[in-house]
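Labels run A, B, C and D following the written order; every chain starts at residue 1.
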Amino acid sequence: MADNSFGQLFSFTTFGESHGPGIGCVVDGVPPRIPLSEALVQPYLDRRKPGQNRFVTQRREADSVEILSGVFEGMTTGTPVAMLIRNTDQRSKDYGDIARQFRPGHADFTYQQKYGIRDYRGGGRSSARETASRVAAGAVADLALKHILGDGFRIRGGVVQIGQHPIDRNRLDWDETANNPFFCPDPVAAVAWEAVLDEVRKAGSSAGAILEIVADGVPPGLGQPIYGKLDSDLAAAMMTINAAKGVEIGGGFALAAMDGAEAGDEMRAGETGPEFLSNNNGGVLGGISTGQQLVVRLAIKPTSSILTPRRSVDLDGADVDVVTKGRHDPCVGIRGVPVAEAMMAITLLDALMRHTGQCGLGADA
Amino acid sequence: MADNSFGQLFSFTTFGESHGPGIGCVVDGVPPRIPLSEALVQPYLDRRKPGQNRFVTQRREADSVEILSGVFEGMTTGTPVAMLIRNTDQRSKDYGDIARQFRPGHADFTYQQKYGIRDYRGGGRSSARETASRVAAGAVADLALKHILGDGFRIRGGVVQIGQHPIDRNRLDWDETANNPFFCPDPVAAVAWEAVLDEVRKAGSSAGAILEIVADGVPPGLGQPIYGKLDSDLAAAMMTINAAKGVEIGGGFALAAMDGAEAGDEMRAGETGPEFLSNNNGGVLGGISTGQQLVVRLAIKPTSSILTPRRSVDLDGADVDVVTKGRHDPCVGIRGVPVAEAMMAITLLDALMRHTGQCGLGADA
Amino acid sequence: MADNSFGQLFSFTTFGESHGPGIGCVVDGVPPRIPLSEALVQPYLDRRKPGQNRFVTQRREADSVEILSGVFEGMTTGTPVAMLIRNTDQRSKDYGDIARQFRPGHADFTYQQKYGIRDYRGGGRSSARETASRVAAGAVADLALKHILGDGFRIRGGVVQIGQHPIDRNRLDWDETANNPFFCPDPVAAVAWEAVLDEVRKAGSSAGAILEIVADGVPPGLGQPIYGKLDSDLAAAMMTINAAKGVEIGGGFALAAMDGAEAGDEMRAGETGPEFLSNNNGGVLGGISTGQQLVVRLAIKPTSSILTPRRSVDLDGADVDVVTKGRHDPCVGIRGVPVAEAMMAITLLDALMRHTGQCGLGADA
Amino acid sequence: MADNSFGQLFSFTTFGESHGPGIGCVVDGVPPRIPLSEALVQPYLDRRKPGQNRFVTQRREADSVEILSGVFEGMTTGTPVAMLIRNTDQRSKDYGDIARQFRPGHADFTYQQKYGIRDYRGGGRSSARETASRVAAGAVADLALKHILGDGFRIRGGVVQIGQHPIDRNRLDWDETANNPFFCPDPVAAVAWEAVLDEVRKAGSSAGAILEIVADGVPPGLGQPIYGKLDSDLAAAMMTINAAKGVEIGGGFALAAMDGAEAGDEMRAGETGPEFLSNNNGGVLGGISTGQQLVVRLAIKPTSSILTPRRSVDLDGADVDVVTKGRHDPCVGIRGVPVAEAMMAITLLDALMRHTGQCGLGADA
């Protein structure tokens, strides 16, 4: 797999820097005859768009997507779907010091180490701006999955913890994620988080978050053991998201503290087949989907671009104190929700296609 | 990447079932002129070998490795290194009921769903036995890395929590992992865990675990953003390990609760270059290694093959109560340590080779 | 590898249809700190550009390339280089009948069979227009190779046969390819071909061609046996070119008629190392470059879009007689030369990077 | 793709050297529930086996295959099928000089250049012995294709030219390939070739060959344009075969000399759909199968290991005259037939699986 691509049969490749001419992606292996248009993709991008409220970066980008290829008379043709989003609000002057200083916790340092050069404007390629391309690719995947699997298929996601403030899972209601600026599925927590994040912003700091993404209507059998396990692919997908530092499937780390009887999800005969009595495994066993709800959580660290002065070094290796001005998300995890949903859709469509390619050949055997 | 392969430039493919003729791997892209022999690989396998004490499965396997190719006069030739481990102690009669019953929490169910057939003997391909092949492949990677990077390079791993019993990190000493049957880096916890696991075994149950793997001497610059991020590759690698349900890099989930000033690792000019003042990011920034210690943790769920009766269904979809006899690890996480170390070595060598391939071309630019 | 991508470490992905908004590519794995700009890429595109003389399609396209990413202050950054070429002269009205008829020898039929839908305008994705994207990608590869390997590295190509009219190899002079509209390395043949192609055009027919591409300054050791052989990769690369139906390395098919003594290229000690006394093997032995000139030839069939009426069927399976109007190359092989040069550059840079990744790790061993 | 692997969804990886413990392969992505056993694979290997008559190498190898994994109760399980063939008749003492000398036209020189080390015994990895592994992998593919596509699917191959002696295509009868030691489809040519090859052997020389492989019953729609074109994949597959120097699809190089009207295969409505009136394109248009017979030809150069003294250099770069004793095929192309058939089966099954994965998802659209 190329460095800037993800997926095997269904795959996408992204390009673009924060302050270059634009960003975009090429989506390959698209199933043919799926309805697709800019009007269908744009709503996905609008959910991730910056500048929509005071809790995200104030950069103003329309994030208007142009489909360059792969669609004919409103349908996919099976050829690659390229999409382009022009950058419009770069304000490069905001980033003067960054050219020579490394922000603690940021990719500035490692890009310079690796390549001996970096496009420092707005973080260049390492900016979260890249994730808009993923959301566009994810829209294609999600629309295809819905077309193929029907209305029962649905991916939903939200923020379940900001800083030290988790939601109350007894109040978890995915529909609530549309009603607050945090994609928070708990309406009470959402209100509390406003104060939390206002304080973070005033302090010139930033907050981490935990996201949860679930998928319903996933058929059993998806995932290619041993090294194309569905949960391994999902973990890889989620860990490519900027600032992600941890990922769990189902019970995740909590499963380490359970005993075997508790952890293994029991089954009983149901009306239409076996039914699981719990979902500690998050819908994956042995790397293959069970048909249950797929459950993934990921940890997003706090934004590293903050106003608080931090000790660092510059290009010459000399000590500096770094203060990052400019427009940054106080909690980059919030806008990570549509990105993580996109990565799940992409991973699932690829898994479905690989499974069909191997096991759907029509030999009755 | 094929389903049973991992890696890009340096890669390996495993094969084999728990109760078939044998298991093994083909390691491809091996750097040439690295000293390699069966005698050099065997010690890695011996660490993972079953039957060594009462806390692991009592299956007796010599796990003797035969190198079939790719080595000439004690050196790698750059051609694929195939390794074969014959199965010798299968006792297939132990597994009568498994042929028709699905163990809760086990891949039995999903393999059947996916393929419409499964080799149920000892769990077939989904058995942890497959991981011996990875350890052999990891040995090649580790020996190559040491040869290339020198003695400063070292991967170490251990169990840092069993069930609800974590180590005391103030006592963490990696050298201690050689002194107890748990690869536990805390000698006091190791003693306590004996009683914990004895109780688990007596109860016919099993326990989960959290593993931690660290690598020192990793050069900066490894990892290919955006979708070949070092941490994404590590997460994928770790999540392919049997029973793994979560993975973290550095601070991991705990980073979600930190503020931006705390989470970002500050730097100061040191004698030989920039020095980091902390390592919350676990040695990876923006998907690229910083040169610090690489830190990965993974959660392993309790073994699903237990003596405690559990509700399930059989091949016909009828209700059954499953009791798994046979010889199983009460805590499969323990023997996961050499496996996770192997996966880290493999991931790092591949990252080093990809980085060298792109950035080591000798153009002065 | 994705369907619309080529290469492993250095790779590119193309997108776009003949009559859509535009075409382009994303080039990944680009070595950092290589000088790159639109001004450096444009000359490569200008060589392939349509409408330049009466022997190629009269479609007028500026083929102006816009670099969207991966370049900062005139240098590559190691991140993906996306390039976009807008379509400007589509004239879709020319193609009325094609919507429902299958041109004999054309991909019309197979795209419809495969996808159940096709963008018939100008041949859609199967149009030779796609190859402009490859030329842009090849420019990046060629510029990188020249930067890395120095001036001794050079790729040259030409048409060595049109229809039944080969060049006289005694007159072969690669510099001559710049002096005629056919990239013909034999000035005498070039004159004769004018009459040949004028007749073909008047007859409403088309002509095939044989191309030859050579590379000098290729280091020995490139190519990954067994399945990443340099000649296998070159064959794959060349056979992706529209209308290509055959490929040879060095002596190619003529080698089948030689005896072993004649075919094997002898060596003698030279001043700076072993020297070959002939090059029947075209610079590749066992899939690995020898350091000699690399020699590849490919056969291009005649354009299938011709004015001569041909028997075929339509979308309903009914008999039709097809006459293809519109603007087509009477000999699509001519404009294939820059495309084949591009594919060779791409293949070589990828091979160099893979070789360096495996064998350039700096262990002295 | 790894260096020693071929294929995407259906893939295989080979290992082993001519004079090491053995050779073999791991076949991945195998469709489940296909009947498979050693008894089913062995006949494929027996066709390629050395020592069967005086026109091939006199090395005696039983080439007995052992299936190590992936089969349960006579059926594939969807997990990797590993196969091992032990080497039994190495006679390494025959190869004394080869340790330090480079045979002209042989991979000896390039392996040394690339890796700085080589297993010179019997040519090591570059020996045609590796191809037995492919035949085993090809058997799995062929058996699966027959199971899935039914009896109409069939791959056949033969030698259509040895040295300067082509068959008479008017006598072409594929059934004849079973009746002579050359896989020759022309019984008259077969008789003549006996004398030709006896003379070549007596002269201590070797002969080249042209092979032709055809497949019937290939469904339309296989092949993934643009860079996974069926003909590009076939060309890559064929060019990985030892000593292959050229490949053609359908009319191949002869198409360059045809005009457009002749080259394009016309169609007419037939009883069960469109019928082609010719097959100049060899069953592939735009990289996608048409449903016609698939036709591939490849050129195999003469064996480079010959008794005739040839000028060369040794490891120190000094001039030597090389005489290769030992047991070699006077015409390595002959035993290439089962290998080329295997590569076609592998390429087709992979193409079928990729096509099904993308276009067989069951959305009616």
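Basically, a contact is a pair of C-beta atoms (placed from the backbone, for glycine too) under 8 Å apart; a residue touches a chain by one contact, two chains touch by 3 or more.
Quick caveat: nothing in here was measured; it's all calculated off a predicted structure.
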Reference interface B-C: repeating pair among C-D, A-D or A-C with over half of contacts shared: A-D
Pair joined by more contacting C-beta pairs (B-D or A-B): A-B
Taking each chain's C-alpha mean as its centre, the one farthest from chain B: C
Interchain centroid distance [CA atoms averaged], chain A/chain B, Å: 26
Separation of chain A from chain D, taking each centre as the mean of its C-alpha atoms, in whole Å: 44
Where chain B and chain D are represented by their mean Cα positions, the distance between them in whole Å: 38
For chain C, residues contacting two or more additional chains: 2-5, 8, 14, 29, 32-33, 75, 78-79, 114-116, 125, 225, 354, 358-359, 365
Parts of chain A lying in touch with chain C, wherever the complex brings them together: 2-5, 7-8, 11, 13-17, 20-24, 26, 28-29, 32-33, 66-70, 72, 75, 77-82, 84, 111, 114-119, 124-125
Chain B residues touching chain A - in the complex, by the definition given at the top: 1-6, 8, 14, 102-107, 109-111, 113-116, 125-126, 130, 161, 163-164, 200, 203, 205-210, 220-229, 231-240, 242, 244-253, 255-261, 263-269, 273-274, 277, 280-282, 284-291, 299-304, 306, 308, 310-313, 317-319, 333, 354-355, 358-359, 365
Residues of chain C that touch chain B when the two form their complex: 8-10, 29-34, 75, 78-79, 144, 147-148, 225, 352-354, 356-363, 365
